[in-house]
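Next, two complexes with chain A in common: one pairs it with chain B, the other with chain C.
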Partner chain A sequence: MYRGKSITELRSLLDSSEVTAEELFSDANTLAHRFQEDYNSFVTILDTMKYKKRDSLLDGICYALKDNFSTNGILTTASSNILKDYVPVYDATVVRKLKNAGAILLGKTVLDELAMGGTGTTGHTGVVCNPWDKKRMIGGSSAGSCACVALGIVPFSIGSDTGDSVRKPAAFGGVVGFKPTYGRISRYGLFAFASSLDHVAMFTRNVLDAAIVTDVLKGKDPHDMTTLANDEKNYVSLLNQDVKGKKLFYVKEICGIDVMEQSDDLELKETLARFHEVLDNIRKEGFEIEEVSIRKELLEAIYPSYMSISCAEATSNNSNLTGILFGPRGEGDTIEEIMFDARTKGFSEFIKRRFVLGSYILQKENQEKLFLNAQRVRRMLVDQMNQFFQKYDAMIAPCSGGPAPYFDATSEKLSDRYLILENHLAIGNFGGFPSITLPYGFVQDMPVGLNITGRVCEDDLVLAIASHIEEITGMKDLYCKVGE
Partner chain B sequence: MIEVEKLKEYAHKLMFDMKEEEYQTLQEEFSTILKQMDLIGKIEGIGDVCPMTFPFPNPDASLREDEVGDYLTVGEVLENSKHQIDDQVKVPKVVREDV
Partner chain C sequence: MYEAVIGLEVHCELDTKSKNFSSAPNFFTEEHNTNVATVDIGLPGILPVANKEAVRKSILTSLALHCEVPNEVIFDRKNYYYADLPKGYQITQNTKPMGVHGYLDILVGKEIKRVFIHDLHLEEDTASLEHYSKYSLIDYNRSGVPLMEIVTEPCLSSADEAVTFLEDLRDIFLYLGVSEAKSNYGQMRCDVNISVKKKEDSTLGTKVEMKNINAFGDVRNAISYEIERQTALLSKGEKVIQETRRIAEDGKTYSMREKVDAIDYKYFIEPNIPSTPITNQELLELKQQVPVLKLERYLKYIDEYFLKEEDAVLFSKNRELSDYFEEVLSKGADVSLTVNFMTTCILSTLNKLEIFLKELFITPSMLSEVVKLVSSDKMSLDAAKKLLYEAIDAKKDPMELVQKKGLNQINDRDVLSKLICSLMDQNLEVVRQYVEDGNMSAVNFFVGQTMKTSNRQANPNLSREIILEELERRSDKNGS
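Entry: the complex of A and B
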């Protein structure tokens, strides 16, 4: 009955007493159970609500939380067998803030194991399917958080974004995915994957709702020394700031006309053609958009650099998963044998491969070539972006070369499309830039998304630009009406 | 191509093992990833750049004062441990009797 409604629509219904928080929770809980078998959004669906009325726009609103955020007394698995029975004894800061705002937790969502991966296929409780087409991926790693918003079960959900783990699935699910500036939202209680790249991020179905959620979550946290001081801005009230005349750029080598014309890939051609139609419409509404160029070899280095940095950091961050203090204990006669057995049984093959890669990269003899060079690429790309940001207000780009891939699709991992167009969103993590995905059309009856990335700490401007583009495209409040 | 034995050595350093066929997959994956990483070394001027470890300098980052606060109780810490004895996590004897 309340499926697919936005935060603002539900707020209005709650304020006019047309519905109660209890009724909203019951409705969302029914939907979550109904779609679980087909789409597998959740690791845990909560059947009882914890709620205390508060004076907040999120009061009485249900949400879902990626299962790598600590929740006091609620199973938190990171979708890994090594944490399959772990019940935290404290709340992550985002959980505490949402609780204090009166938001109601509906459930913990499936991710790619330990947030590593972009397919939604590696969680220990199974594959997450795309609501728009069950034969396709929803993407990841925040797969379940995206799917439950795309299904209209909840109006918002929380995820984490280390390379594109919210912004890419958002594109595949036809919803909004926002990653604020690095440090804008506390990571306390989020299981670390790659600390220098990890961001808390969110899924909503319109930009206004993303601003509402960010206003609640942002701020300095003594538990996370990387958090930024509160910027004292209200993003909701700044959504309507004047953005006419703002200058956007797109990168020729990522999504220029040449990329489209020189490719034989029909899906890519259609996706980029739609993107350039949208650019024309945005120009007509007063934005200036220009093409810029970045050295292709630098763009081709995004993915390997991301892999190098993230796997190296992950190998170190996950060394606490031993089965001794928490998680299933391994068998053996010595502490080493117990850890060895727990980690052998607890990690999937995919995770082990990433850890071995991380270990290889960190070996003394490989550090200069693999780890430090990756960090140098990171700086070169971030410096290049900051140079563009001196002239332009934001970058605009398609999130992908096509709609969500089929589960059995294969990618040529050394192709331009794979190395550049499918991985460029990691630039947002390299530089900690605020970055938002919003839907801009359909290709093969599947949603496709575009991304706006702006200057560090200008989250309000990125949201305002996205809000205006959302009005231009008319792609707002989408959800997949399967089963209606 | 990196040898499987070398990959096993890295895995064991990380305190886990993999199946033989999984090492084969890893070996193939390494081949692709190392080709991709070779691209990085060819970037003009890369040697002149200072490695970047964090997104940007955070003017608000500082070490907080040590203050007494609420911390987990021993009971809470032990809640997720399967083996306990006398308010401590029980593990096999670490000090060998023959040493």
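Entry: the complex of A and C
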């Protein structure tokens, strides 16, 4: 009955007493159960609500939380067998903030195991499907959080974004995915994947809602030394700031006309053609858009550098998962054997491969070549972006070379050009830039998304630009009406 | 013809309110797993928050040890798996330790020896394990306690040097107030690396490692035993095996394990703690907080104040005592009288009341006033000590007592003459003994009587002078 309604719409219904928080929760709970078998958004659906009325825009609004955020007393698995029975004893800072804002937790959502992956297929409770087409993936790692917003079950959900784990699935689900500046939102209580790249991020169905949620979540946290000082800004009220004449750029090697013309991939052609149409429309509304160029080698180095840094940090960050203090206890005669057994049984092969990679990369004899060179690529890309940001206000690009892939998609079609377009969103993590995905059209009846990435700390400007583009495309409050 | 080369790695737990990266309290307790925060047990999602006080204290120590301090504070991760390491990595410093290239001068016998410091870094302690026959228990109280590690160059050559260095280092920790450094609580622990080579050889011999020795006595025994053992092996033409050994209660060392290839700890910079610059201003302020240290004070006491060896050692060893002593002197008090008062009244009071100097009511300026009473001959040493004890008991300023009770020494010649004459008039027999028999004990008798009658307020020297004059006057009168 309240399916697909935005935070703003629900707010006015609640404020005029046309609906109660209890009714909203009950409605969302019913929807969650109804779609669970087909789409598998949740690891845990909560059937009782915890709620205290607060004076906040999120008061009485339901949300879903990726299952890698610590929730006191509520199972938190990171979609991994090694944490399948883990019940935390403390709340993540974002959970505490949402509680204090009167938001109501509906459930914990499925992710790719330990947030490592981009398919939504590796969680220990099974595959998450794309609401727009069950044969396709929703993307990951924040798969369940994206699916439940795309299904209209909740108006917003929380995810984490280390390479593109919110902004990519958002594109595949036709919703908004926003990752503010690194340090804008506390990571305390987010199970670390790669600490220098991890961001708390969110899914909503319009840009205004993303601003509302960010206003609640942002701020300096004494538990997270990497959080930024409070910027004393209200992103909601800054959404309407004047963005006429703002300068955007797109990178020729990522999404230029050449890429489109030289490809024989029809999906890619259509996706880019739609993108350039949108660019034209944006230009007409007073934005300046120019094409810039980045060395192709540097762009091709994004993915291996991202893998190097993230696997290295991940192998260290996940070294606490030994089954000694929590998680299934391994068997063996010595401490080493017990830990070895727990980790052997607890992780999927895919995760083990990343840990082995990370460990190899960090070895003394490999660090210089594999780890430090990756850091150098990261630095070069960030410097390059900052150079562009001296002239331009934001980068615009499509999030992918096409709509969500099919589950049985083979890797044959992954040409090298395709890889650049598929992996460029990690630039946002390398530099900690504020970065937002929003839908811009349909290809093969599936939503596709574009991304706006701006200067560090200018979250308000990125949101304002996105909000104007949202008006231009008219792609707002989208959700998949399956089952209605 | 053989000589030992010894290097030390000293671990010292810092005295801070909370742990190095969490808000859990940091103090020694035998209640297991009570000083524990989520961060200390490595639960998923936790983040470290660096303890400013631990950073400050380690930089302060680094400066006291003449180290070069880096331009920023950064931490590294040292990755390895063990049950006492809940996160699976230890936060430590590898890229930029708090200090490098330092030194500490120590006095061994009569010689000053310079011990070179390779580096000083700040890290976190591990949990402690208790092993039983069928299981082990983990106590996380120690997990995350700020730990300072000081690594010397291999530049020590005897057990004496090593133990003197450790003792002096501990005194520095206490001087700086950075640690209680109690080795029986494991707050100060030491790894010893030792090898023996022929004197003329330029390359080092094979190194033996002994880990986590708490008591300095054990360090001494371990080193002495190892020098003997390794020298014996080498003189028989045998080889020393590179290994880790432990010291047993019998004072001998036993092999624990042969050294395998060094573990690769896969260090990388801790991403959750942003680098913090150390500004020149901060460094300057910290430098000003480094006090004059033990050796310098000791040498001053010997060379400038001419203190006895034992007094110089006593006063320089403890910063509180030394500061107090110097403050008394700075108010213009006489050195040897001050030493006298402090070694008797002050120290015995501290012992008797089992209190610290800072808890003593008598301030250095109060003591200096009392000392001055004696040196300016206004009061006898005895009377002044009595006054001091009274002031301690009453928790009153001694000068206030002097004024209130009139305890001032009687130096007025007329007053004393009057008193003495009347005493002599009452004891004519004693006067006669002096006048007729020249019995000198009469003088002492009248000094004693004068002191007694004046409630010990009479200036004894002046009294004696007047007594002699008066007795002579009476002799002359008698003779004429």
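The rule we apply is simple: the second predicted complex is superposed on the first by the 479 of 484 C-alpha atoms of A that agree within 3 Å, B and C clash if a C-alpha of one lies under 4 Å from a C-alpha of the other, contacts with A are read in each partner's own complex, and residues count from 1 in each chain.
Note that a contact is a pair of C-beta atoms (placed from the backbone, for glycine too) under 8 Å apart; a residue touches a chain by one contact, two chains touch by 3 or more.
None of these values were measured; they are calculated from a predicted model.
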Partner chain(s) touched by A:189 [first = chain B, second = chain C, both, neither]: second
Touched partner set for A:335, first chain B, second chain C, both or neither: both
Touched partner set for A:13, first chain B, second chain C, both or neither: neither
Touched partner set for A:78, first chain B, second chain C, both or neither: second
Partner chain in contact with A:92 - chain B first, chain C second, else both or neither: second
Contacts of A:222 with chain B and chain C, given as first, second, both or neither: both
Partner chain(s) touched by A:353 [first = chain B, second = chain C, both, neither]: first
First (chain B), second (chain C), both or neither touched by A:260: neither
Contacts of A:305 with chain B and chain C, given as first, second, both or neither: first
Partner, of chain C and chain B, that touches more residues belonging to chain A: B
Set of chain A residues, in rising order, touched by both chain B and chain C: 86, 89-90, 196, 222, 225-226, 315, 322, 324-326, 335-336, 339, 359, 363
Parts of chain C lying in touch with chain A, wherever the complex brings them together: 38, 41-50, 77, 79, 81-83, 86-89, 136, 138, 264, 266, 268, 271-274
Of chain A, residues touching chain B in the complex: 85-87, 89-90, 182-183, 196-197, 220, 222, 225-229, 295, 297-298, 300-301, 303-305, 307-308, 315, 322, 324-329, 332-336, 338-340, 343-344, 347, 349, 352-353, 355-357, 359-360, 363, 369-370, 372-380, 382, 413-414, 419, 429-433, 456
Chain C partner contacts - residues on chain A that touch it in the complex: 68-70, 76, 78, 83, 86, 88-90, 92, 187-192, 195-196, 222-226, 312-313, 315-316, 318-322, 324-326, 335-336, 339, 359, 362-364, 367, 371
In the complex, chain B residues that touch chain A: 2, 7, 10-11, 13-19, 22, 25-26, 29-30, 32-33, 35-37, 39-44, 46-47, 49-56, 58, 60-64, 72, 76-77, 79-83, 89, 91-92, 94
